[in-house]
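Take a look at the structures listed below.
Shared chain: subunit A. Partners: subunit B in the first complex, subunit C in the second.
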Partner chain A sequence: MMNRFNHLPTLKVDTTQKLAFIYKGEKYYGVKGDTVASALFANGVRIFGRSLKYHRPRGLYSLDGECSNTCMEVDGVPNVRCENTLLEDGMVIKEQNVKGSAEKDYLGFLDKMDWMMPAGFYYNVMHKPAKVWPIAMKQIRKAAGLGKISPDYEMPGKFDEIFLNTDVCVIGGGPSGMTAALCAAQKGLRVVLMESRPWLGGFFEYRSREYQDGQTLNERARHLAKEVEAQDNIRVFTHTSAVGTYNNNLVTGFQIGKKENVFDERYIEIRAKSVVAAAGCIERPLIFDHNERPGVMQIGCALRMAKTYGQMPGKKAVFSIGHDLGLEAALELHDLGLAIACIADIREDGQDSDLVRKIEDKKIPLLKGWVATKAHGAKIVKKVSISSLDGQVSKTFPCDLIVASAGMTPVTGHITVAQGTLKYDNHTGFFLPDMMPEKMHAAGRILGLNDPLSIEASGTLAGLQAAFDCENCSIQEIGEAKKALENLPGPVRGSKLVTAPVKGRKSFICFDEDATIKNIKQAIDKGFDMPELIKRFTATGLGPGQGGIPGHNLPLYVAKYQALPDISIRPTNVRPPLVPTLISTYAGVNHKMFKITPMDEMQKKDGGVFRNIGVWQRARYFSNDVTCQNEIENVRKNVGMLDGSTLGKFRIHGPDALKALQRVFVSDMTKVKQGRVKYSAMCNDDGCVIDDGVVVKQGENDYYFTTSSGRAGQTVEWIRYHTRYDGWDFALVNLTDSLGVINLSGPNARKVLEKIVDIELSNEAFGYSEYKEFKIADAIPTRAMRLGFVGELSYELHVPSSYMKAVWLMLREAGKEFNIQNFGVEAQNVLRMEKCHIILGQESEQRTNLLDVGLGFLWDRNKADAKTVGAIALRQAENDQTRLKLVGFKMENNTRAPRDGALVVDDKVRGYIATARDSFSLNEAVGMALVEGELSKIGTRLEIYEDECGDDRIYGTVVKMPFYDPEGTRMKM
Partner chain B sequence: MALTITCPICGKRNGYEFRFGGEEKGPRPDEKDLTPEKWCDYVHMNKCVAGVQEEWWFHKDGCGSWFKIHRDTTTNLEKEVKDENKVQKAKSGGQK
Partner chain C sequence: MKEIQRVSPVVFKSTPVKTEQRDNWEVVMEYSGEGEGPFLVDLSHRPRFDLQDASLSAKKPFGIVIPEIPGNCVLENGILANRMNRTQVSLFNLDGGGAVSMPDESGYTDVTESTVCVALFGENVFSICEKLTALDFMDSQRKAPFLFQGPFSHVPCQIVALSKEGDASGLVLTCSRGYGRDMIHSILHAGEEFRLTPAGESRFTNWIKNL
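Take a look at the complex of A and B:
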């Protein structure tokens, strides 16, 4: 392990604290503060992985995760961006996209096969003859793709989400972002500051140049960070990338958790009144032959390896740069002990004279108007060729490090994603903000600024503009801040060179997708003249780096190659997420939420087997017998109890309550009489039946009604929607959760209930389809209905949820002598099916109307004034012969019941099975099916097709409904 | 969701809290003399304006009311539209 600098004030590593990790099965050590990438580099790893197409060796390049070069498998998670991931003790790291190892990849020969893989080769090569493609495809698929994942892979880790409201959201924790945040905070506003690196400081943080009055930039960054952290109304999120910006000032991002956090990654959604975009610049890659060989690095990468992680990025270096930062870095690294053979500066002139003088003082050769043309070395850099820009003169230097960068490029994604526009600026060579999105302001290097004081002044201005959006700042203040900025140095002239004078066969414009300059030329020659088209045809910028490497170079090069004027240089579109984000981060926490009924605990004790049904968890069975024979027979012979608390329960009252009921229920609701239960249904505007339930009248203009369990959530919305124009006066109260329901059914139900209530329960006093209100034990207010859903004598008791357990226990005690037992949802399903009572969603689907399921008798057609929802459509459907009809059927020759959803066929599909079961009560298999009209006659033979039955069919016969107790004497007794 | 919606009762809230209820098409037509075509148009046909449209929203995770807003469908931003009728209605409501 190499020695590290440990005296630099800029260091972010603690060299005294060692962290162990496993790489390729062997133990290595990094130090606290290392990223996975810097720890590997410290251990001599130069080749981190292999590229997508050509399996070229790849290594450190940007240090900010702008390309897939350093994507690795960490602790079993593929495609981890190692430059952005902090090392943890015990991490297991593997290289990916290699056959063999990154050092010796058996697929490395593909690099020589590039002639076989021109731009868009998968569209137009290996298709002739057609036979070749399936074979070729298999090989390509095997070789392509970054990282491996199995289909049943489960993402480890903890994920979280937060939703924030703030006045100002600042994207970027560099000098301009921090200044903007401070400025807005000092105006009394709440500020959220997002910084993608694990610390604040940005462009100042790793530099030792003088800021002002002997203070270094690094010291200034620390000073600003301290001020920011001391400000109570600034909430700082470090290691947090903003990945999306939308209108209405919505910003999304994700935060990487520290060890002490309860999350590994956290989704953040921020609603702000104003947004400041201050994401700064990244470097624009310099393109020359083998410009991505391990050993070629950007300026920031080389400099920060030394200043942040305390590692010398190489032993002997050649610089090929186009920005003053390159000169600054050369000086700093030289002082730290790096041997520099030569600095080739793309710019003929315009360098910072102070820096040039210092370079001359140190006797470092500086060649202006020169550029690197080729990195030599089979796997890592061994030497470099540089030449004058015209390619006439060249030199070669042995070296192990090439610091290469064509210039800077602003990170404008946050502006364009929010529909802001950019304009190419000839002075800087940048795409600068043109039209900013409403209430978004740009600050710092995004504006092309480079001078430290200008950068901060632009932050102040943006902070004030944001405060203005929050009505906390005057126009005058903004005017003053603008003037202050204008008096400081403006944007510096930038270099516009994209490529060295090379042919470009091995000059990579996009590392992730292995796209070369030659590929771009091929695409243009094929007629793809726009960057947006070339991007797709060559896949340039479509990799994990999200266009960070080729985003700026592609439009510049395309314009140059086609000799287009500046005005036509347009950037390609970027889209969120601007930084690769885990799907699991978007998914957030899985809360596994469901509702439980008041009887949940009791039923669990009684051995209930629970299933999630809609929003509820309900007891489906009370034994391991999924046919529920015992539960069913006990209801038919004795008495059973069912928890029906999931039913939707509503009270509607007020002067216009009846009008509202008339609007949504198909029946004539004026006929609802006190003391009687009215069964009815609701349709949608297409006449399709969506809900059924019972209505009772509790008093004048006061009704209580039930809906099916699944519809409870939408009922208020539905009734309010269909009465929204009428201005009717009624109140609608959802009682679903406050009332529980017990269904007491079976021939002995009366005998059980008699023991706990005081009222007369004889058939004459409380008959079928009647409704009563009374108190159990003088205390428990009870609504009771005599219904017959399961086809037996049955009482439905609606009691307050808090009393449910008491009533349940009383009934169980009272029912002991009659062998009372629980029955679950499945038993109820069979019982009601034998009676041909339908369950919507089971005997109906989306297109099934009221008439199809045989509920036409509910519909009152003489209430046109009520404008009943669905009535018009029903009238139209009435004579439609093509609709499916619900029929009952029994199976021939004692065969078993078909599965629910099986098809009724002849030479085509003619219908389907809704519910069918082997009935214990009837001793045969029966069921209901929705079939075409001509199959609905009694006696028709139904041919039933089940999944995977091949040519075998089973047969049923249409019979009269219901199957059980057709006269209904049992439920009315 | 970038959309915000201003509920007349709860104020400006995140779009997550609301359910869309379709374009404003006026009250349900009278059933008398209503042709199936006209009815179908009322229920199913939409103008799909690229621009400002009046539409219904339901504050499902809030006060539970249905109300109308004007929204620019191209930017997803709410627009304030001065509706003289609305003012009138409010006035007459006040007198009641």
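Take a look at the complex of A and C:
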């Protein structure tokens, strides 16, 4: 393992604390604070993986996970960005996308076959003859892709989520972000500060250059961080990347957890009144031949390897840079012991004179107007060629490290995703924010600033602007902050060079997708002249790095190659997530929120098999027999209990309650009589039936009604909506959860109920369609209805939910002598289907109207005053012969029932099966179907097509409904 | 026949140490290992009423003047009145002492059975809340008590923040009774890192007395 520096104040590793990890089956050691990448590097690993298409060796490049170079499999999780992932004791790390190993990849030969794979080759070749394509596609897919994952892979780890509200959200914990946060906080505002690295400090944090009055930038960063952390009203989220910015200043992000946290990653959603975008800059990659060979690094990568992780990034280096940070890094690394053969600076002039003087003092050769043209070495860098910008003069230096960077690129994704716009700035060479989104402000290097005091001043200004958005700052204060910024150094002149003077066959503009400059030329030559088109044709920027590497190089190169007079084209759109994260993180905790009935526990004890049905969990069966034969036969011959608590239940009361009922129900609700149950339905404006239920009158202007389970959540809103202009005085209360419902059904139902109630239950005293209120055991207020949904003698008992268990136990005790049993929703489904009682949603769909399902008898055509919802449409539909009709059918030759949803066909689709089952009560398969009018006549043969049945059809015949007890004597007994 | 017992939609795994019988409810006054807070207390047995009227200003439930602005609440003599909208107010009896009957006037409905009702109070309660909802309890514009009607763990709820004062912070939450099991699970899960524990009614009574 490499010796580390341990004396630098900027270090983030603790070299005294060793962490063991397994790499390719062998044990290695890193230290606390290492990332997976820095730990591997310390152990001599230079090739981390292979590239997507050409299987080229790849190594450290940005140290911020800007590309897929260092994506590896960590603890079984593929595509982990190792530059951003902190090492943990016991981690198991594997290479990915290799055949053999990263060192020796048997698919490495593909690098020589690039001539066969020009831009968009998969659109052009291997399609003719067409039969070749499926074979070619399989091979391409085998070779391509990064990490492998199985379809049933279950993501390990703990995921969490938080939803924050704040006045100001600051994206970026560098100097400008911290200053903005402090400024807003000092105005008394709530501030959330997000920083993608595990610590605050940003661009200052790892640098030893003087800030002011002898204080280094690193010291200044620490000072600011301390101030920020001391502010109670600033919530700091480190190791937290902002991945999306949306309308109304909604910011999303994710945070990587520490060991002591209860999460590995958590999703963060922030609603802010104002946002400060201070994400700084990344480096603009320098494009030259083999510019992604392991050993080629960006300036920040090389410098931070030493200053943050205590490792020398190489032994002998050549710098090819276009920014003063490169000169500063060369000096610092030289002082730490790095041999520097040469610095090739793209810029002819404009360097910081102080830095140039120091470089000269240290006798480091500095070539102005020179650039790297080629990295040599089969797998890792062995030497580099540099040349003058015109390519006329060249030199070669042996080295194992090329520090290469064309300049800086502002991180503007947070601005553009929120619909801000960018404009090319000729001075800086940046695409700078032009139109900022409402209540979003940019600060720091994102504006092209480089001077430390200017960066902080821009943070102050943005903090005040954010405070202004929160009505907490005056225009005057903002004016003063603007003036202060104007008196400091402005944006620095940037390097304009995009590529070295090379042909570009092996000069990579996008590492993730192995896209070269030559590919971009090919795309442009084919007419794809805009970055958005080129992106799609060449896949440039479509990889896991989210376009970080090609970023602004792509539009700059496109403008250059086409010799555009001005750079009016824009970078390609970036989209959330701006930083790659796990789908599991987006899923968060994912609490399953279902409703359970008061009988949930009891039914589970009785062997209920539960299913999620809408918002509820309900007992569907009470055995493994999905035909529910025993449950059905028990209801038909004996007595069963069903938990119907999910029914929608409502109280409507007040002087205008009846008017409201008249409006939404199709029947004449004045006919609801005390002590009687009225069945009716609701339609929408199209006459389509949306709900049905029963209504009872509890008192003067006081009604109780039920709806289907699925509609219960919308009923109050539905009635309020349809009475919104009337000014009627009525109150609506949703009692769905307040009351549980037990449906006691079967010929012995009366005998069971008699044992627990004190009222007379004879058919004369409590007849069919009647309603009674009484108390069970002098304590439990009960509403009882004589209904017959399942076609047998039935009592529907509506009981306060807290008493449901007590009543259930009483009925079970009372029914013991009859061997009372539970029945579930599937048994109920079959029982009611035999009786041809419909369930909306089962025998209807969105277009089915009241008349189609045979419920026209419910509609009272004479209550014109009520303006019944749907009545106009029903009148129009009355004579429409083209509508589907609900029919009953039996299967021919007593064959099995078709599946629900199967199609009724001849030479075209003529309808579909609503519900069909093998009926134990009837000893044959029966069902209901919605079919075209001409197929609805009794005796019509129905040809039924089921999924994947091929030419094998099954046949049924339309018969009269209902199938079971057509006279209805059993439910009225 | 066994004694008739009412069942709360809230089930805690903790062991009750002290219980009290009240109107067929077995109310847990104290659980073992309640810890130092924050606490989650089941109040589902406490009477709750819905009052709807076109002219609410004319109504004085339990002698309380109903707040005029939706979202505002008033806590008086143990009755919490929460103005929901133009015509509706919810009333929670948070006073464990006396049994309160529903006023014998038009407009009232007893909705005790409709909802789960829990109190969440103590240190870090709003940190627990922000794991489950985007509602902004710490908005300086809102003075406790105030009402939110919005999603909490994805479920529509009424949440009344009764205090925003540091360790004494707390709220009362109601949602459809059927969600009881999953709501309690999600709150306790969110509160794990803050050592949230179930507590008996006595804790709540002491807390609300000191507000």
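The criterion applied here is as follows: the second predicted complex is superposed on the first by the 939 of 973 C-alpha atoms of A that agree within 3 Å, B and C clash if a C-alpha of one lies under 4 Å from a C-alpha of the other, contacts with A are read in each partner's own complex, and residues count from 1 in each chain.
One rule holds for everything that comes next: a contact is a pair of C-beta atoms (placed from the backbone, for glycine too) under 8 Å apart; a residue touches a chain by one contact, two chains touch by 3 or more.
What you see is a predicted model, and the numbers here were worked out from it, not measured in a lab.
In the superposed model, A:R953 lies in contact with neither subunit B nor subunit C. Contacts of A:R271 after superposition on the shared chain: both subunit B and subunit C are touched. Judged by the touch definition given at the top, the superposed model places A:P598 against subunit C, while subunit B stays out of reach. Contacts of A:D160 after superposition on the shared chain: subunit C is touched, whereas subunit B is not.
Here subunit B and subunit C are compared by how many residues of subunit A each touches, and C touches more.
Contacts of A:V716 after superposition: subunit B is touched, whereas subunit C is not reached.
When the two complexes are overlaid on their common chain A, residue A:H653 makes contact with subunit C while staying clear of subunit B. In the superposed model, A:R570 lies in contact with neither subunit B nor subunit C.
Of the two partner chains placed by the overlay, neither subunit B nor subunit C lies in contact with A:R536. Shared interface residues of subunit A, touching subunit B in one complex and subunit C in the other, are 163, 271.
Those residues of subunit A that touch subunit C in the shared complex are 160-165, 190, 262, 269, 271, 589, 591-598, 600, 615-616, 651, 653-654, 729, 731-739, 777, 779-780, 800-806, 809-810, 813.
The part of subunit A that touches subunit B in the complex is made up of residues 163, 246-248, 250, 271, 419, 685-686, 716-717, 720-722, 724-726, 864, 867, 871-873, 876.
Taken in their complex, subunit B has these residues touching subunit A: 1-4, 14, 19, 21, 26-28, 30-32, 34, 36, 39, 43, 56, 58, 60, 64-66, 75-77.
On the subunit C side of its complex with subunit A, the touching residues are 1-2, 4-9, 24-25, 45, 50, 52-54, 87-88, 106-107, 109, 111-115, 130-136, 138-139, 153-155, 176-183, 185-186, 189-190, 192-193.
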